[in-house]
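Per-chain numbering from 1; labels A, B, C, D, E, F, G and H assigned in written order.
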Amino acid sequence: MTTDVIMAGFGGQGILMIGNLLSIAAMEEGRHVTYFPAYGVEMRGGTANCTVVLSDEEIGSPVVGRPRACVVMNGPSLDRYLPAIREGGDLVINRSLVDPAKVGRKDLRLLAIPANDIAREVVGSQQLASMVALGAYVQRTGAVRMQTLFDCLPKVISKKYEKFIPLNVNALKEGESFARNHA
Amino acid sequence: MTTDVIMAGFGGQGILMIGNLLSIAAMEEGRHVTYFPAYGVEMRGGTANCTVVLSDEEIGSPVVGRPRACVVMNGPSLDRYLPAIREGGDLVINRSLVDPAKVGRKDLRLLAIPANDIAREVVGSQQLASMVALGAYVQRTGAVRMQTLFDCLPKVISKKYEKFIPLNVNALKEGESFARNHA
Amino acid sequence: MQEAAKKGAAAAPKGRIEIDFERCKACELCVPACPKNCIEMGRRINAGGFAAAVFARPEDCTGCAICAESCPDVCIEVWR
Amino acid sequence: MQEAAKKGAAAAPKGRIEIDFERCKACELCVPACPKNCIEMGRRINAGGFAAAVFARPEDCTGCAICAESCPDVCIEVWR
Amino acid sequence: MTDRGKDRFTKKVYARPKSLVDVKSHFCPGCHHGIAHRILAETIDHFGLREQTVGVACVGCAVFLYDYIDVDVAEAPHGRAPAVATGVKRAQPDKFVFTYQGDGDLAAIGTSEVIHAANRGENITVLFVNNTTYGMTGGQMAPTTMLGQKTSTSPYGRDFRKDGYPIKMAELLATLEGTAYSARVATSTPAQIRKAKEAVKKAFEMQIKEMGFSIVEFLSTCPTNWGMKPLDAQKRVLGEMSEYFPLGVYKERKQADFL
Amino acid sequence: MTDRGKDRFTKKVYARPKSLVDVKSHFCPGCHHGIAHRILAETIDHFGLREQTVGVACVGCAVFLYDYIDVDVAEAPHGRAPAVATGVKRAQPDKFVFTYQGDGDLAAIGTSEVIHAANRGENITVLFVNNTTYGMTGGQMAPTTMLGQKTSTSPYGRDFRKDGYPIKMAELLATLEGTAYSARVATSTPAQIRKAKEAVKKAFEMQIKEMGFSIVEFLSTCPTNWGMKPLDAQKRVLGEMSEYFPLGVYKERKQADFL
Amino acid sequence: MNVAARVEQRVFMKGNEAICVGAIAAGCRFYYGYPITPQNDIPEYMSAHLPTIGGTFLQAESEVATINFILGTSASGKRVMTSSSGPGISLMQEGLSYMAGSELPAVVVNISRSGPGLGGIAPSQGDYFQAVKCGGHGGYRMPVLAPHSVQEMYSLAMLAFDLADKYRNPAMILGDAIVGQMKEPFTQTPYVPTVSQEKPWALTGCAGRPRQHVKSLYLKDNAIEVHNWKLHRKYLKMQEEEVRYEDYHLDGAKIAVVAFGTAARVSKTAIQWARREGIAAGMLRPITLFPFPGAQLEEIAKRVDVLLVIEMNTGQMLEDVKASTTFHDKIRFLGKPCAMPTPEEIHGELRKLAGRGR
Amino acid sequence: MNVAARVEQRVFMKGNEAICVGAIAAGCRFYYGYPITPQNDIPEYMSAHLPTIGGTFLQAESEVATINFILGTSASGKRVMTSSSGPGISLMQEGLSYMAGSELPAVVVNISRSGPGLGGIAPSQGDYFQAVKCGGHGGYRMPVLAPHSVQEMYSLAMLAFDLADKYRNPAMILGDAIVGQMKEPFTQTPYVPTVSQEKPWALTGCAGRPRQHVKSLYLKDNAIEVHNWKLHRKYLKMQEEEVRYEDYHLDGAKIAVVAFGTAARVSKTAIQWARREGIAAGMLRPITLFPFPGAQLEEIAKRVDVLLVIEMNTGQMLEDVKASTTFHDKIRFLGKPCAMPTPEEIHGELRKLAGRGR
């Protein structure tokens, strides 16, 4: 089984962090995985995105022209990636910042999750919106096991911020349960 | 007919000047000619040399490994070029500075001319030793016509030194007559 | 706002600025630059993701253009 | 020469130099360098084509080594 | 704001300079490159030079100069803008020729080119934006990085025993005979911005009067790579940066006949 | 000279320095490169550094350094000796590392490398031989060529309006924080030669004491390309050259702790 | 070793960082460089890690200075590395030629980007000629290694140091933005040296031995000709001993893709797809671009119907393929300058060549 | 025109100077350069002559600066030239890549010498790869002209300017120390322009038109890919329209020498000698090294028994010969790195190949 996802949003939303987490989880599950971040001269504080490919076989391209799924955390990213998603693919959008009405495409499996709101109001930290979205994405696609994500958190969170691990677990869980409830 | 000559001596002896003169004369006689000077990092005030090839056909190499003739104006140049001269070739040495006893090779057509002495005592200018040697070489080999050499002098002597042309003609003639007398 | 409008009516503003909402990158440099403290950071987020600056106290504006001179993104136009 | 020798005999030289004939490039720098004017340019030409300097007036030499210090080709050795 | 108010004020006292193309910039929030660009455009307008100007862009965050300044522009390889400008000026001495360069560009890889352009008294104008780091490539140490400053390639802070000292280009270039004008300015307060404009005008004048090489060094900010809010970045300029890199005019030729 | 005389003097008061290989040099008659080489060798001997030294040769008439100085030597690309020396010194801080460079090498193509080595306070020593021309390649104009000087590429004489000014490297490098020692000397009189030796010693000491970058600029001659007799070339050094390039010590760090 | 243990050792890293890990494992303690996208992770990693293990990181003022720092440290007998991308590598050409001429080892990494000129930072294989034909003057050669995974970024870094020392010659790793910027798990296999690192030629001060020098100038008589033949013999030896390539499903293949680095990586997916459809596709993946696996290519050319050369440029390795085989009529080319081919494109091409409808 | 008149027009000059005469005839009024043996006659000639005709000679502080002066003057729409040799040409590689990427014309002369590194000043053809494969990054190409006589130093200089302008691309003249330093008579044929020199793209200030720029950065979307294909089409056009070569006694030849520049020059003598002995030898002399006369070579390869490639290096053009023909088994190589082959050597080789005793 091979799947892939592009995750995109503003810089600072933690996009690269969730891409890393997903990748490491897949690795821990013994699978092949590649992670490819945007790099270079784009304006800082502008946009950030990464591509993760998961597979049971050796992976060819770590870059994907037509992704099977997208996690979209802000408006500009929707404009950019919406047309690219494969027919019938998964699209998770952050409804707190992205207007679901703009999606248009009817062939996609859309999940509009108010990630910022959940993060702020339920989890207790606006910073964790992306983590919420990742939880939702993973519930949707079964890309990895939730438990593996939890287990891998220490590998992407530096010692200094260790104490926030439980909060991150919560964020993942909230995203997961939102997705389950909006299947 | 193709012939070639290497001319060599101390820097300042006018080696390149006689090479040029010979070449231009050949050109004026409608023949093919190439002239190749030593260039680059050798010590200034050290040695100077050039190779002239004259032919009725298109000339290949302007550089010659085994010259048909050499005009040698100083000691070190004899050491360097003596072994290279083709069997039976022509060697003109400046006896004022080069000891004929050092030539050794019996197969060569040697002409030992006291070029400095002739230049100083007969022509009246030590500077013209090379011109004397050129006159001797040309007489020996018939590489070009003497008259052409005379005619071409203005092309190698700058306007400023025009007045010395007659002196140069004399030097060539003295060399020629020495060679004729020592055939 | 109403209060501000009143105040403005009292001491008539000498100038006016306009901040380009979409171009503003919310760097905040104009805020302390204004000697009259007319500018504040807003809440509304533009397409670039920035909560742009707003002309919060127009009534005090002198049209001195210092804000405009300070804006690295040339978002501010000034009238007098 | 004879005269010089006599003079040398009179005021005994304090030093002596040797000029490497083959290495000398006849640049003449040592000539004015010698405070005692002991060195002159020679006539004999070495293999390099140079008319090397010669220790012409040994009788005046003080062995001060200034000539040696001035020679770019390190041709001069000095004894005292 | 009421509509009434809007109508009352009809005289535009501040508008985008004519030579500044009306597009959004790619610079990060609070980056002073934007201010330097605007001053440049204003000065081109001031002297009416737009149609006689050839600019030379560097490689760095300011590489897109040609998208912003409405003049002919050549893109130089990293650090070589003064050499490219030399080629332009020698071919077209009647054109106004400037370069716009960052500190990595001018003070590191381009050291030789700027020094020799200055030494030749090349009649060009250099705007030099010193933000103590390589902005475009992600905040590496530059020759102008302050002692102790942490960057992505000096993670333990710049150490003079290993990396040497922040180099003072305005001072260095002022020592060269061919330099007609060398000044250091900043753009962190309205007053500084005014002075910066004056300096740029002076630099332009030097070229117009054929006095030789002119340079204005801007102490600038890189909030993104300094990891600072724009306002804090400005404070850094006002504080430690201008302490080490003193603002001022280091050379100003008075007479056209400069020898 | 009598044989008797020969025997009388047994103390050799001047002999070839130990570190100077006993071969004939390729330099032209009267070229002061020979004097600089000898001073270098004497100073290596003086400090007993022969076996702990790595030299870096430039490209220029002094490229054959390794044939003359009896130490390990690396050959650098033209102008890059200070960069090569940096690589050597960083790898072997316990070695004595020097470069020997001409003015084309150091003040033209190698400008950036020498400035940044100085600015880093790189603990190396540079001997810089300024003969106002590219000797090895046949006497072209160098950045140090004097105004009005005719060379093979300035056949009408160097003109400041076109070619700029002779660059003063000793002064320029002295302005950099990382420079511990910068001096200009000449070797045209016995007194100057003595002073030159002192300066080279000082420069060596700086490195030995880990004070940072040290440089000694030699005003030298190139009789061949100047088209002058050696003695006239010396006079040129004593005259117009040292007028424009004043001899002296431009910087001398006093304390080892240099900040 | 059981699977669990193997999984344990896998680390998840950027290709750029894996090079650093490999270099450090191979004993590299000196790194000099100058920033340029997309390889900045390398100097950043080295600046953080080398000082903690007694190594030296120094940022140079330019790539010209960099390669000469490298020259100096290499001449001192130390393992040393630099990295850059297109424009910076161009500036190193003179220095590389000097190092080859002076027979100095070092590892130079090119994480290439788009060109020519400033170009862009999109991945590209446009620097093939520069790397493989050697862009400096004088016609020297160097081993060029082309990793196609993070694992190879690690392992080929170690190999590069050994090759450099074995031949006293610079060795190049030619990556691209993709393989440099991507992360994937890799196994940190231990470094097993294959050459002695003794360097009696190094300039360490002439205590107890005659002075020696490192130089590339050979002026006397025909010394430079002799030197050139000596170097040439080294290059011939590389061709005999160092050819490395991957045979990917070539057994029975009728279509052989020839591709390296990222282009090869992407091709693997397309070949998997094609194989599933019964298309006999395979790939010869040169791992060493110099020495080029020309003899292997000629062998394969005999057996297949088509050699499909795929490059992220407009055709450079293509010339080496032509020079290696006389089956020019079997050669096809798919070029994607400054852009990655997709598996779909390559798959489409394979189908077409196999006579299948698209 | 009678013979006397023709002789009248012949001038006796160094090859290096003939290039200058050709350049000036072609309207070149800007020259920048940095000294290096064996091409110093070029800057020396230009510094003496350009100022007298309103032109500009400027000596740069380095070759890196030089190529960027060139870039600026070319961007200004002027014909401009530089010259150097190996090490200096290496330092120009970044700038050349920028010029190719920015589509700027200029003429760059390499009077090559021995390498690698400082090498020596003996003549060599070791820079073939650098010139023909282009040593800078990004895979651009440029016309490379290989004169073998002073006459061609003159005429190819003029041609180089036209090619540069026709393609908005740098053009290179690859000479060597021999053809640069030797003097021989040549005829100063008049310059007849083959292209318009109008340059509407030049940066002359934007009076009366929108601003324009000269750049090589293409960041957005796939702009750099599009740009690369555009450049590639230019290179294809060069290959279609610009191939130049000399057919020297190929008619009926059984042995075809393939050589350029000085190696070809020397070969002519050997071929004359061989012909006199009834050996059917001839030569294909590429005048353009890029575009390479590959199609012509393949034609000849069909007819002859042997292709004898002769180069003053250890085998570089040899690879282009192999890539151009499928008759690999007919190829033989005679290499003289950093040294000229003598007519005797080549003659001996021809005799051997013809089955004659030596």
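To be clear about the criterion, a contact is a pair of C-beta atoms (placed from the backbone, for glycine too) under 8 Å apart; a residue touches a chain by one contact, two chains touch by 3 or more.
Just so you know, these numbers come straight off a predicted model, no measurement behind them.
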item	value
Required steps from subunit B to subunit H (each step between touching chains, minimum)	1
Longest centre-to-centre distance from subunit G, chain (CA-based)	D
Approximate Å spacing (C-alpha centroids) for the pair subunit A, subunit E	41
Whole-Å gap separating subunit A and subunit D, where each centre is the average of the chain's CA atoms	90
Subunit C-subunit G separation of Cα centroids, rounded to whole Å	56
Touching two or more other chains - residues of subunit H	37, 58, 61-62, 64, 87, 94, 98, 102, 117-118, 121, 215-217, 219
Residues of subunit F whose C-beta touches two or more other chains	27-29, 63, 75, 77, 108-109, 111-112, 116, 136, 143, 162-163
For subunit A, residues contacting two or more additional chains	41, 45-46
Parts of subunit E lying in touch with subunit C, wherever the complex brings them together	1-2, 5-6, 8-16, 20, 24-25, 27-35, 38, 189-190, 193-194, 223, 229-231, 234
Subunit H partner contacts - residues on subunit E that touch it in the complex	50-54, 56-57, 63, 66, 70-77, 80, 83-92, 95, 112-113, 116
Touching residues on subunit H, where the partner in the complex is subunit E	30, 32, 56, 58, 60-62, 64-66, 68-78, 80, 94-95, 98, 102, 203-208, 211-217
Residue ranges of subunit F in contact with subunit E within the complex	108-109, 111-112, 115-116, 119-122, 143, 160-165, 167, 171-172, 175-178, 259
Subunit A to subunit C touching residues, read off their complex	10, 45-46, 74-76, 97
